[in-house]
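By letter and in written order, the chains are A, B, C and D; residue numbering begins at 1 in each of them.
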Amino acid sequence: MLDSRWFLEFTTEKEANLHSLEEVIHASQTKYQRLEILRIGSYGKSLILDGKMQSAEVDEFIYHEALVHPALITHGAPRSVLIAGGGEGATIREILRYPEIESVYMVDLDEEVVEACKKHMPEWHEGCFDDERVHVFYEDARGFIANSERKFDVIILDLPEPMEAGPAIMLYTQEFYRTVAEHLTDGGLMVTQATTIAPHNMNAFTIIHNTVSQIFSNVRGYWASVPSFYTPWGFVIASQSKDPKALTQEQIKERLDSLKSPLRFYNPEMHQGMFALPQYLKEALQRETRVNTDAEPISFY
Amino acid sequence: MLDSRWFLEFTTEKEANLHSLEEVIHASQTKYQRLEILRIGSYGKSLILDGKMQSAEVDEFIYHEALVHPALITHGAPRSVLIAGGGEGATIREILRYPEIESVYMVDLDEEVVEACKKHMPEWHEGCFDDERVHVFYEDARGFIANSERKFDVIILDLPEPMEAGPAIMLYTQEFYRTVAEHLTDGGLMVTQATTIAPHNMNAFTIIHNTVSQIFSNVRGYWASVPSFYTPWGFVIASQSKDPKALTQEQIKERLDSLKSPLRFYNPEMHQGMFALPQYLKEALQRETRVNTDAEPISFY
Amino acid sequence: MLDSRWFLEFTTEKEANLHSLEEVIHASQTKYQRLEILRIGSYGKSLILDGKMQSAEVDEFIYHEALVHPALITHGAPRSVLIAGGGEGATIREILRYPEIESVYMVDLDEEVVEACKKHMPEWHEGCFDDERVHVFYEDARGFIANSERKFDVIILDLPEPMEAGPAIMLYTQEFYRTVAEHLTDGGLMVTQATTIAPHNMNAFTIIHNTVSQIFSNVRGYWASVPSFYTPWGFVIASQSKDPKALTQEQIKERLDSLKSPLRFYNPEMHQGMFALPQYLKEALQRETRVNTDAEPISFY
Amino acid sequence: MLDSRWFLEFTTEKEANLHSLEEVIHASQTKYQRLEILRIGSYGKSLILDGKMQSAEVDEFIYHEALVHPALITHGAPRSVLIAGGGEGATIREILRYPEIESVYMVDLDEEVVEACKKHMPEWHEGCFDDERVHVFYEDARGFIANSERKFDVIILDLPEPMEAGPAIMLYTQEFYRTVAEHLTDGGLMVTQATTIAPHNMNAFTIIHNTVSQIFSNVRGYWASVPSFYTPWGFVIASQSKDPKALTQEQIKERLDSLKSPLRFYNPEMHQGMFALPQYLKEALQRETRVNTDAEPISFY
């Protein structure tokens, strides 16, 4: 007998996914978006914003490790990190594994989301919001960074998709990346989630990659497979001086050994594996000439 | 306005996917299975057997290149290849890119599927069924191999999932792999598709890997992300003497340069990237002790 | 094993229906709407316009008999009938059962729909488009009636739902009903489909009923259960002089006996049964004061 | 933006319905069945057993009034009533409107369902479980009636569908109806819900009707349209001496006037309307010769 209750997510106008719905842990409308924390049969406890899967219990570690470690390992000695977005707290969790971290700033628009994650999703944050090095701000990340007098060793853009009318549409433009670059310390890196790299739907990725390339001298695309996102997921990492592909497996291993706790996805081989791009994507990146600007921001949908 | 017509696929009892259905190109019940060739909005023309996506126009090249090239590149000079399954003809297509190929045997249970693919899916086979080096047999692959007096440089197991009551359930057992090993030439390799490696559902992969390891001295798991399969997809490659991880990028590049036509997914970096396994999977493989046998074959569902 | 192919119809934002999809008989975009003729597992061949079920093989006779016979039986001797809409031809089919019929005018906006019905849905029209008494016009029904110099014994409004931006939104207003009234012969009747009478969704029905009541002195609501419409379906019949509830079962039987062919849904008891309204609906009709006007036409959704 | 959470009900293998899921009020597995009380966007609070809609807030009154009043009005002076099933308490609620009622016995298999309804569905029972004339028993209705030394003026079979392996499969057989007949007082009536009368799916109805006719001399089928059941719903009422179709509207009105509270669906016209059967159904009843027996009970699905 099939289950009665289902979570239905339209990922595009032409594709949707159904997951059996075991428990509605939280459902509300915040000031900015529809917020749901659901337990689904396939992926366990899951954060859903405006109907879109953000992260799921069984594989959030893949996304968060892939987002955080290439940048922090490449940096070598990150003391200050800023996160734009990152409401679940799992990005902070990964950052705090580095013993040299002195401060983590997190700027998320929606306090209600963060409060719900704090309350209902301890598997994600593991109490890290209580760490005294962590400072959380509830405001628009773009304004926060622009107005910040501090610079950061790493800036992590852990954002929702660039959807029309979505809260993150202005956080993928050339102008924003310039602001980010101006708030990195020497040798600093930024990394952004960069949507799917599926061959039928890779426009947003290649545009983001090309846009970041207008501002930074060293830009790399990489990717990981997060099953609850359905399609392989892209990231773009950038720096004026450092190259994550230049690290040897031995260097990565040495840095990993200094972490306070073991990882579940990332390892030295995986680091290199993530930077191996399918041929179709390498060619698409070479062809891409579009630049995303404040004047005409791209929308994923 | 949403589309009216949809392709609904239950991938497990707890998860299903909906794709807009643009055209029903073919639908029939064969002697063995329900056969459909559908054009869907997300992935284009798609082969569906017993309701399960087999391969789709926009990303079949990822699956077929990932299945074929690690084995053929590692072999170095493959002249004879046997395919178990492979009805679409795309596996043959990839094999025929190697100029040294002298014969390709393909054994598929279901002639009606192959005939429908020949007729409706030229994008997959590109006419390769007409190549005089290609020999197609319609029978059970296990019996065919057991009874074969020939040996092959590479045996490719391009099979449906090991589902209870499915036609391929007996093609993932230790006894079958022994038969395969006995029909490889010296220095030969086998490769099998090996189901998903998603962290919540990787049992079949680790069991297949461990089962193959009972027979072959050199076994490697690897994977690729085929979006229309939803979750990252595993493969197991095995040989008594050769190791695909031992190849340098330069060696791979040199062999690729000899192919008759360029690839869209596989490249030297990707080769190495595919063999980089997530930490969770490495650990699961180390823990795995189950062996799949004729007496109690695993069922994926 | 569940079917792979489904017809998905959202009837409201909060409810949808899935029917297994056996065959796509026709699919196109006309000048006015998306047109599909699908064979579905539950209801057989079905006409779908803009994603909404219009009529289905297994129960279209219920809708069409309920639409036509109360008016024609009540009239007693209908010689001329005008149909607004009615593309499938089944409304004509029911009318032609009356031996006294001399002319049937049908005005449908969308010639492509009528042509597709003629070709693919002979079960509906049974060849009646070829009857020499039948005259089909492809234009807006409102303009056609307004400009007509002829009057009709019965005018049948066999229309799509009054949806915003839909082609029929202006065919449910007081001004239109006045035009209809002016084109009836003495003793003439009009009847319109009038959407669902489900208790949670009966606004459109009561508004239509009240709007018709502004123009006609004798107005009756009635209903039938057409399973493929999911909810009980309302109709409004009106005349300046005749009352369908005044007929005795004997009178109905006598008139029915004169028809050329037997009916499958309507019978003397059913005539009276259809005019029996649930208490909640009687009370809602008594409370209703809204009138639908050209200035602010109602939209069903 | 579509809702995220949905209730999915397969009504047959070829048809399913989706309702937006606003709240999971209760979900559990009882000793006998999967029990859910959900609030859905279309129909409000709803009782779901084994994934099948049982009754919904916005239209349960239609079902329960249609089930109870034809029998009780026809009886004329019912003092004792037995209900088989009826867990929600709404059947009791309708019975207690009759001032002459002295005792109501309700026999429901599943105490957990009744307790959940008591707690979460006061709109259905309106406190009637607390009435001292009401006696609830948790056991199999068939055994209870067979062993009962009491007789009843009316026996109401308010049962789940006769599904294979379902708890009610043996409560639609000739042998059971004989037991029921033996436990009616002189002039007593029984009534049973009798599944859909949709023209493509009316087998169960006609078989039940014919089976009841083996035991009772006066049997009438009737129906009502309960939107949340999707298709028109049938009932069979039976007596050795009384005929609900013999009542005049005046008689019905007089009896209704004696009730303690007004009804929302049933009225004198509606009584007659419910007994008007579509022509296709009259003919199907005439053709039906199958009798449902303990030896080979019908299954609706």
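The criterion applied here is as follows: a residue touches a chain if its C-beta (ideal position, glycine included) is under 8 Å from a C-beta of that chain, and two chains touch if they have at least 3 such contacts.
This is a predicted model, so every value here is computed, not measured.
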- line: Joint neighbours (chain C and chain D) are none
Message: Tell me the rotation angle, 0 to 180 degrees, that brings the C-alpha atoms of chain A onto chain D, to the nearest 5.
response: 180
- prompt: How many angstrom lie between the CA centroids of chain A and chain C, rounded to a whole number?
  reply: 54
Message: I'd like to verify one number: the distance from the centre of chain A to the centre of chain B, where each centre is the average of its C-alpha atoms, in whole angstrom.
response: 32
Query: So which stretches of chain D touch two or more other chains?
result: 2-3, 18
Query: Can you list the residues on chain D that touch chain C in the complex?
result: 2-3, 12-20, 40-44, 58-59, 61-62, 196, 198-200, 223, 225, 227, 230-232, 262-267, 269-270, 272-280, 282
Query: What residues of chain D sit close enough to touch chain A in their complex?
result: 1-10, 18, 21, 23-24, 27, 34, 36, 38, 48, 50-51
